[in-house]
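Structures incoming, each one as structure tokens.
Same chain, two partners: chain A is paired with chain B first, then with chain C.
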Partner chain A sequence: MAKHSIMVIDDEKIVGDMAKLSFEQDGYEVETFLNGESALERLKERRFEVVVTDLKMKGVDGLEVLRSIKKLYPGVKVIMITAFANLDVAIEALRDDVHDFFPKPVKIKELKASVKRALGEE
Partner chain B sequence: MKIEHKIYLSNAVHIILIVLIGMFALQNLNEILTKFRFTVIAEGLNANFLEMRLAEKNYFLYGDNEALDNIRTRIDQTGETLLQVRPDIIRAVGAEKYTTLQNHLHAYTQLVDSISKASHRDSAVQQKLREAGQNLKTFSENITDLESDRIGAIIVGSKNILLYSFWAVVLFAFLFSNLIVRNIGQSLRKVVDLTRAISTGNYRKIEEKPSNDEIGAVISAINTMAEELQKREKELVQSKRLASIGVLVAGVAHELNNPLNNISMLAQTYAEVYDGLSKEERVSFMERVDEETERLRVIIHNLLDYAKPKEQHLARATTNQVIQKILALVQNMLDVSNIKVMLTLGEHLPDIYIDEHQIQQVLVNMATNAIQAMGKGGELRIVSRYLPDNDEIEIEIGDNGKGIAPEFLDHIFDPFFTTKEESGTGLGLWVSYGIIKNHQGNIRVASQVGAGTTFIITLPSCKKLKRCTDGEA
Partner chain C sequence: MQKSFFRGLTEVFGRDRGAASGLTTRFHAFQAVLDGNNRALEAMTEMGEKLGGGYLFDVNYTRSAYATLFSAISGSLRHFNLLTGDRYPQLTEILARIDTLVQRMLSGAGTSSSRLVVFYPEITWDQAEEVGGKNYHLAELANTLHLPIPEAFAITTTAFTAFLRHNGLEARLAGLAGADGDALAGVRNAILAGGFPEDFSAALAAALEKLRDRLGRDAALAVRSSAEEEDGDFSFAGQFETVLNVPCTVEAVQEAYKEVVASLFQAGSTSYQRQLGYDPGKLKMAVGCVAMVEAKASGVIYTVASGRERDKMSISAAWGLGKAVVDGMTDADLYTVAKGETPRLFSRRIGAKEQMVVNLGRAGIVTVETPAAQRPLPCLGEAEVIELARQAQTIETYFKAPQDIEWAIDANNRCYLLQARALRVEEPAETGSDAQAQATTGYPVLLRDHGVVVQRGATAGKVFILRHLDELEKIPKGSILVARHDSPHFVQAIPILNAIITDIGVPTSHMASICREFSIPTVVNTGSATSVLRHGQAVTLQAGEGGEVVVYEGIVQGLLREERQTAAKLRELYEFRRQKYIMRYIAPLNLVNSLEQDFAPEKCKTVHDLIRFMHEKAVQALVASAEGQGRGFNRFFGAKTALHRLALPIPVQMLVIDLGGGWRGNTTGKATGFDEVASVPLRAVLAGMLAPGVWRNEGIALRGADLLSGMTRAADIPGGANMENVALASSEYVNMSLRFGYHFNLLDCYCSDTPRNNHIYFRFVGGAAAITNRSRRIQLMAQVLAEHGFALKAKGDLLVGRLSGLSRQEIEGILDQLGRLIGFTRQLDARLDSDEAVSILARRFLQGDYRPGP
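And now, the complex of A and B:
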């Protein structure tokens, strides 16, 4: 069975590194990106099943990534994590069909459960 | 005394004066009338005497008994008239003169009585009679003349006094109203000054206790209003500061969340993959945790630093010199980006009283923002000028970069606000704002998207702060 592919986008390098270690332990394939532009570029080349992205990034931010993906790759599930968690943003993201929303500090176990659910819905 | 009362008093005094003058004039007129009536009577008497003397002459010329009777009749008439006017004569010239007149008449009467029969030829009798008659006439005429003179004197006297009092009243009215007008004018000017000061934000009160009249009431009211305004302003500043703190706290939370999340994820992952890690890898994990805590420490330290009330080291400084100094500091950045500098420095600017290090920090912040907004090859504009109306120095730092959208202009001094794509804490302008405010100055921004941005800083002159000599307390 092909491994499930996950993309992690966050301008904090540690987030990508830890997510990669953690998810690879569970048998996922993980690619990490430090900004929205490079991630969207990569998406043109390779299909990912789940994209985990930070909300607030310089340049193309998480919401833009979410909207682009929903427009271009509707089957891809997007999970949002953010240090900047307020209600308005959450509502906006939900309106744009985000799959899940986690404030930082993130519980990796919960993140993993959410990814599983996202994959299960395929 | 209330102004109302002052005016009533003035009116009362004027009325009393006029009434007094009127009464005086009236009294004089009455006196004149009385004396005039008397002269009419006196003239009547004199006419009577004339007739008497004529009859007398007649008798001596013609020995006419009828003439003698005529004389007697006249004498009787005179006697009656004298009795009638006795009170008038006594009032006019006194009892003594009346008695004398009466005596003269009596003497004359007796002489006439002694004439009879053939004495009309007696020249001695004639002579005596003539003399007595003459006395009577002269005396009576004297009395009349006396009264006429008196009337003349009274009229002249009245005329003069009326003239003087007229001018006196006019002068008094003029002086008094002048006094009141000046009084009111002064008070009103005080009120105007006070309200003007308040409108420029200078909430001083009028020190002296307000007078106990209408103007005093107005001043009291204005003082109260000034206190209220000052209170409201403090509240407004406070709530703005609280709002600012709210933004600050939100920003802090956000800043701290990232390192915290990193530590959290490091810890969670470490626990999960521990078995598979080499010693070096484990060490690496912990080192990264340590790095993140250091990051936290720095963020917190910086924030505490920003939150600390800035201790100022104030001294007199020359505006243009400060500007030249910061230009030297950013020269490198200017050269790298090929930016031209347009300096319009005012001449003979009064000195300012500042913590030069802090103000330099502000100007460098402005200049850096401008340079970053322009990219390559722009124009940095710096202007300094004196505002004599407020006794303040104004510094403009402007660029012709991309400008700031109007919806952001309101928030530009908020902590953590940044429009920059690259790094920046977003605290520079917030700190600058605080520094300028601590110098009793003001800072504002004007911007047009696509055209450029200008920051305008105003600072009070050292004279306005009464700090031109450092020794001033």
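And now, the complex of A and C:
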């Protein structure tokens, strides 16, 4: 069986590195990106089953990533993580059909559980 | 807490303004210190948890969490200075230094020092980055623990940067990220051909002259690497060049310096650096110039013999220089010592020691055949073994972790420590299950119970028999490397290897250290692996903690465990480590025993130390103030005092400062009993502590000697001088600090007829036993407190519990239980040898059964 694929976008390397390590431990295939632009480029080439993205990034931000993904691949689940949680943004993201929304620091266990739900494994 | 405390004060001062008005300001300041400390401790615990690996976090988080912590501790310090009349100005300076270090780490900036050379005795706690890990740790052994090390000085990372700049190498290094072998060789050559800035040469000349003055003209040096992080979380064992026997002249040391620095760019070493997130050129290197010891014998100490033998340490020893042991080239003596107050020689195995490394002065360092008569002789006598073991225990206790220590004894039988670094020890694994037996059925056994397990684990792959080091580059990914000898050169292949097996080798070599760091299953000294196993053959290696080694032919799927531990892999992330390192200046507690000389303001090195020191001295200042007040009253009015000495039928002395209605009688000076206590919450908690069966008086043998002596000493000291146990009490409020040996309990409680005003804050920290047992005690306390509805935070050996809004009767009942728990767990950690014991004892405790045994 092919591995489930996850894309992680965060402008801080440590977030992507830690997420990659944790998800790979569970047998997922993971690609990480440091900005929205490069992630969207990659999405033109291939689909990922779940995308975990930071909200606040220079250039293309998390909400834009979310909208672009929903256009390209309506079925792909997007999980948003952010250090600057505010209700308005959360509501906006919900309107755009975000799968889940976490404040940073996010417990890795909870993020993994959310990914499992997104994949319909739980 | 704020509210309740002031209510306590109002009570006192409202009723008897004259009696306590001199204390008002101090009480306010004291309260603010406690409050700031509590907030700082909580911020610290929270940070430790979030940076511990279980959370995704970014630098923004670290910044804001540190800002919260810093604001809390700064506030605490401000009030502390008010309380003590600026008696400890050092603390302000230390906090500023910690802040500078942390801010620099947060911004990723390097050291700002301009010093090029530092002698070891001058290296201080905040210079790790400047002198590199290896210099720093060795200096610490002498400066803090007063253990013997050779004369030495460090050439700093500032000097390293100056050297690179002088030779125009800075830009070249910045572009080395994806560099190939040729580019690296180019850099090495440029370094070897490099010159030195004038101030560098001058500083070096001055240092060498000083050394020659002390050691004589013929003194020689070992010039060795001390990279940032070296001997920290990662050992870099055997990664860099060490040049031995270097004469004390500027030219000779400069040549050696260049060789050491050039080794940063050796292919094997750069692959190790890459594994840890350092692109070539990113790592800064300080260098150590250490006087050579004319070693008669030398070797390595592991303060934990193995995961299953944590109560024993192993000392390996060979004739001559230590190279023979760390390179794994000789069959060394092995002494096992049972640790304890008086270490005891448990067993010894005298090795064949066919070869030794000797220093022939001008003729160099050479490996020679050991004279036949010398081979069967033990390198160490029992007294020497015990002395080494004592020193090793001191080091392990200080660093609070198992250690890997190099030592040498010279011709005059003087012992020197040459290096100390953390030793990775794994928790023992389950072995011998039925499932395992089933999984291996039908697979032929190629090798059984040969060799020494360096790193346990089960793994499979194709055998690659290495005949020559040149073949290292040809090893396919996922191979099991099989070789005649072990070698630090194997490190460059470690990212692609599944396991290493050698014919000859020792578990104390550099290669062994590195295999443990990266959790690569490794077995050495099998005697026959290269002849029994075939090149290209698919095999499964099972290396057990108990020393069981089995190599099966074929891939035994049932044995293969999950991938390497996440924790081990996380440590390899550079950014993760960098954030975590900030905690080094925050969380460790160095100031433990307030009765020891080292309990001094200038010994504080972390935020936790500052908190501990301030708490202790704040209580003292308050007691002194209350005492003065009492004396004043005695003088003028002949009777009333706010300070009372409580005598209990358990070995606890306590001072009670009456804030109003906390004390019944008018007794002064002499010790008085429980009946005099009028404070509702203090009575309740004391009643629990005094409940039958809770307070066990018998000591526990083990390493508890420290703990017991701590107690005895505390009890020996006349009341006024012993400020360890103090309760500030009013009729409905208590703030109590209790110290037993290395355990600190803090209770703050308001207990009135209005439930919404009531609260309990309980904090426990410390413990003298091994860290696992300490954590178990915390687990036990947490289980009990959770039953009573406390909201809990636990991290390492710190536990904080809060509860509020309960009725007076409920609070009293819980305080009684808390008193019992304080008494019950006082000496317990020595007995908590398993996780099951925690649950059993917690359950029993809740049923009122206070037997300590399993």
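Methods note: the second predicted complex is superposed on the first by the 120 of 122 C-alpha atoms of A that agree within 3 Å, B and C clash if a C-alpha of one lies under 4 Å from a C-alpha of the other, contacts with A are read in each partner's own complex, and residues count from 1 in each chain.
Definition applied: a contact is a pair of C-beta atoms (placed from the backbone, for glycine too) under 8 Å apart; a residue touches a chain by one contact, two chains touch by 3 or more.
Since the structure is predicted, the reported quantities are computational estimates derived from the model, not experimental observations.
K.L.:
Looking at A:A2 after the superposition, I want to know if it touches chain B, chain C, both of them or none. Which is it: first, second, both, neither?
P.N.:
It touches nothing on chain B or chain C.
K.L.:
For A:P105, using the defined touch cut-off, is the partner it touches chain B, chain C, both, or neither? Pick first, second, both or neither.
P.N.:
both
K.L.:
In the overlay, answer first, second, both or neither for which of chain B and chain C A:M18 touches.
P.N.:
After superposition on chain A, A:M18 lies in contact with both partners, chain B and chain C.
K.L.:
Could you say whether A:L87 touches chain B, chain C, both of them, or neither, answering first, second, both or neither?
P.N.:
In the superposition, A:L87 contacts neither chain B nor chain C.
K.L.:
Identify the partner contact of A:G59: answer first if only chain B is touched, second if only chain C is, both if each is, neither if none is.
P.N.:
Only chain B; A:G59 stays clear of chain C.
K.L.:
Output the chain A positions appearing in both contact lists, the one against chain B and the one against chain C.
P.N.:
Dual-contact residues (chain A): 12, 14-15, 18-19, 21-22, 25, 83, 104-109.
K.L.:
Which positions of chain B touch chain A when the two form their complex?
P.N.:
254, 257-258, 260-266, 268-269, 272-273, 276, 288, 292, 421-422
K.L.:
Quick check: in the complex, which residue numbers of chain C touch chain A?
P.N.:
50, 53-61, 562-563, 566, 569-570, 573, 575-576, 579
K.L.:
Touching chain C in the complex: which residues of chain A?
P.N.:
So the residues of chain A in touch with chain C come to 10, 12-15, 17-19, 21-22, 25, 81, 83, 104-109, 111.
K.L.:
Which positions of chain A touch chain B when the two form their complex?
P.N.:
12, 14-15, 18-19, 21-22, 25, 56, 58-59, 83-84, 104-109
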